[in-house]
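A, B, C and D label the chains in the order they appear, each numbered from 1.
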């Protein structure tokens, strides 16, 4: 049985006068916050306020770098070269590193955003570009990745600690991939269903697929999409459900340390 | 007599397909390079290549943060609040800090760019915003400032080492301010004249003003404008002239250390 | 007695994933909509959807150009030259002109945004830059300006039809200027008060100042700030109050035509 | 025999302080200029100066819209939807339309830039998005396209006049596609070779492929890449060679009119 898990969400995704979703409600409910770094969303002021909010609640912060596509929120594939992607990640991680330092907080992790995350899950060159960017800035940073992805392998090859995440509010297919958005049942919104699946996953290491089969899934963190208007409600239900099942919540760093202690 | 001085220039001021001036010629001739950080010029790739070029030549690198005005090259006044300016500086310093670290180089200093430099020379609130941004990211960074400016005072108040720069290719007025660009004789282009003034300044601590009077001017660094097409020629003449006068050239950090050793 | 008035509001002030306020409620309640053009807010998609919404409701559209400062929402002074401002306005007006044309709508007017509006109210060079930009693109466009401002004079000098606007939700000082935001009583939020003032202004041509004196104020349009969360409520009250007082509502173009017919 | 041909080049590809290549030399040598519109390059000031330069030389101007990717100069594939591409094109065409109008010039044509051009040559949905954008703004605009491309078909389907271009400085493969850049012989730089090929193409309607076979190629315009440092030299040689072969040079609009007169 897994005694401890991290909850992560994307935050700080505002820009200028446009506010970042429901961060004031979401941040206190997670243990790790992925903070946008100014390329797909976020600006220097939003980043500072987001980090300050996380710091005040004891929530660990990570950099959430994306493609330079504010207009498309980093959700559109851009044919940037691995060298460009590496440069973009170094830049964004540095910007958030300094923001965190100015708020007397240590950066915990890095998680790629949107199209960059999806591409790097299957493209070894992009995955390596991201992992090497992280390692070149700070080898102590944790890379948050999809289990079984190119990103996970690239992180390990770069000598990084890699944390694996599962999606609490998404359904899985028998091959372990997420059901594509748009297909019926891809996104799960019913709190009891989400909580049951999460508890089973964390305590047994398996989740039921859309085909009804059991899928083994190693995970150190559960992701809840912060832009989901029901995210606060879902997070509250998850916290209650997990705690009732005897699962502790802790930031990624602590989760990995305990896992290492248990001979992961 | 002053045995040692730094030479600094603004570099990395390209963007995307637009190349950054004559950096390949300028960088090997200076001892400290102020690298644009993406707001008024520079992008993640330009920054990396610029830092790598400096590192290969043993030239120290500093962050050169500016207003978020790529269209106006950071030369236009923008009524950003001190809080916004502080956030902008933290962000840009962090981005370059990480770029430097990925190239295994340590950031040496920070120098504000363009309109931000000019405003912070006379505006205590903006000067404090910049100095506190620097101090909050890394208290070991040197702040490069105009002697007698609000920036110099704010740096000292924030506990930073402050280096003072003089302009080798600009004339001074009796009150110690630069002759405004556009007035005759504001910009000096004749190498022998520039060299004579620089040698006198460094060895005697004084420079002749446009009125013919002597102006006492403490300085740790001489700035040459990198976008001047004659910058390489001027820099070569300066190096020769200063060395012939027995002045050593060294990066800012070394200059300040020697000054401290001499009971500055 | 003035039989007819226009109601205008700033709309289309979203960007990418960030939605533009309460446009779906505000647009049907005004007669002229000032549409952001991509510099301070707005993007090609937001602009098209905003124009389509206005067209479907018979609301006239105008261009709302601002400074190139997405981060500051065009609310910060930027020291752009008159030549730059003219170029920025031509560009933005053209972008919205084409968007309107693609939706089979004719552009009615131009109103400067934020800091550009405020600066051009008192700076003759900037006012002329804007007026000449409008005239050079389409001399049939109406320029919407503050009564008594440099903008109003520049529009007339450029041969444009100029419409004058009053602010329904702001208080005035005896000299005709708006009470600066931040001072008590600067912004009026109570619907009955706003309605009474508007009815008096439109039917008698005068409004009561903060000093209790009467201020004569010629106006063709009443502006309600669309980003005010109470804007829809205020607009509904205004429409009811004005119609009850026998005032018709019509787009700027129609208001000016009637005024001309009455020997304005 | 073809009596008349247009010469086109991409111009206005600067931004802010970064100048647009060799436009002052290139513009007087072409008959149609494709002007960048601010998304991949160009800004309101560069656009105005570029249009003014073309107008002064009697060179026709067209809009050269690209992806919103200043950092990548519009050369990188971006997964924008057809609806987004249509909106981007309407916006950019409008911005240049107004710039031209302010300089008392009529917009002649539209040519997509970089990755957008390449994608729309083979993607029917993107091609239709561009063609419909052009038609919705001004049905008199000419669409400049690769012969045999999806873009050519979409232009015809949208009721536009379509002009076809050949590349004077590129080699062709037997199937009519360009030899991909990077392969030996893809780019032709030797003026006599380029001129011979161009003369043969224009006077006989055929060009020799890399395999030595003859390729029939209908074309109304020859494109020379303006960012090629040898572009001015190449253009001068082309003008001389074509004129010596009895071919007149004229802007696209005139070329199409004559073609129509000859029962095209």
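Everything below uses one rule, namely that contacts are C-beta pairs under 8 Å (C-beta built on N, C-alpha and C of every residue); 3 or more make two chains touch, one makes a residue touch a chain.
Owing to the predicted nature of the structure, the values given are computational and were not obtained by experimental measurement.
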{"item": "Selected pair, greater C-beta contact count between B-C and C-D", "value": "C-D"}
{"item": "Shared interface numbering between subunit D and subunit A [over half = same, under half = different]", "value": "same"}
{"item": "Rounded Å distance, subunit B centre to subunit C centre (Cα mean)", "value": "45"}
{"item": "Centre-of-Cα separation between subunit D and subunit C, whole angstrom", "value": "40"}
{"item": "Two or more partner chains touched - positions in subunit B", "value": "43, 71-72, 84"}
{"item": "Complex interface listing, subunit B residues touching subunit A", "value": "38, 43-45, 47-48, 83-84, 87-88, 90-99, 101-102, 133, 136-138"}
{"item": "Of subunit B, residues touching subunit D in the complex", "value": "14-18, 41, 43, 70-73"}
{"item": "Subunit D residues within the subunit A interface of the complex", "value": "68-69, 71-72, 76-80, 84, 115"}
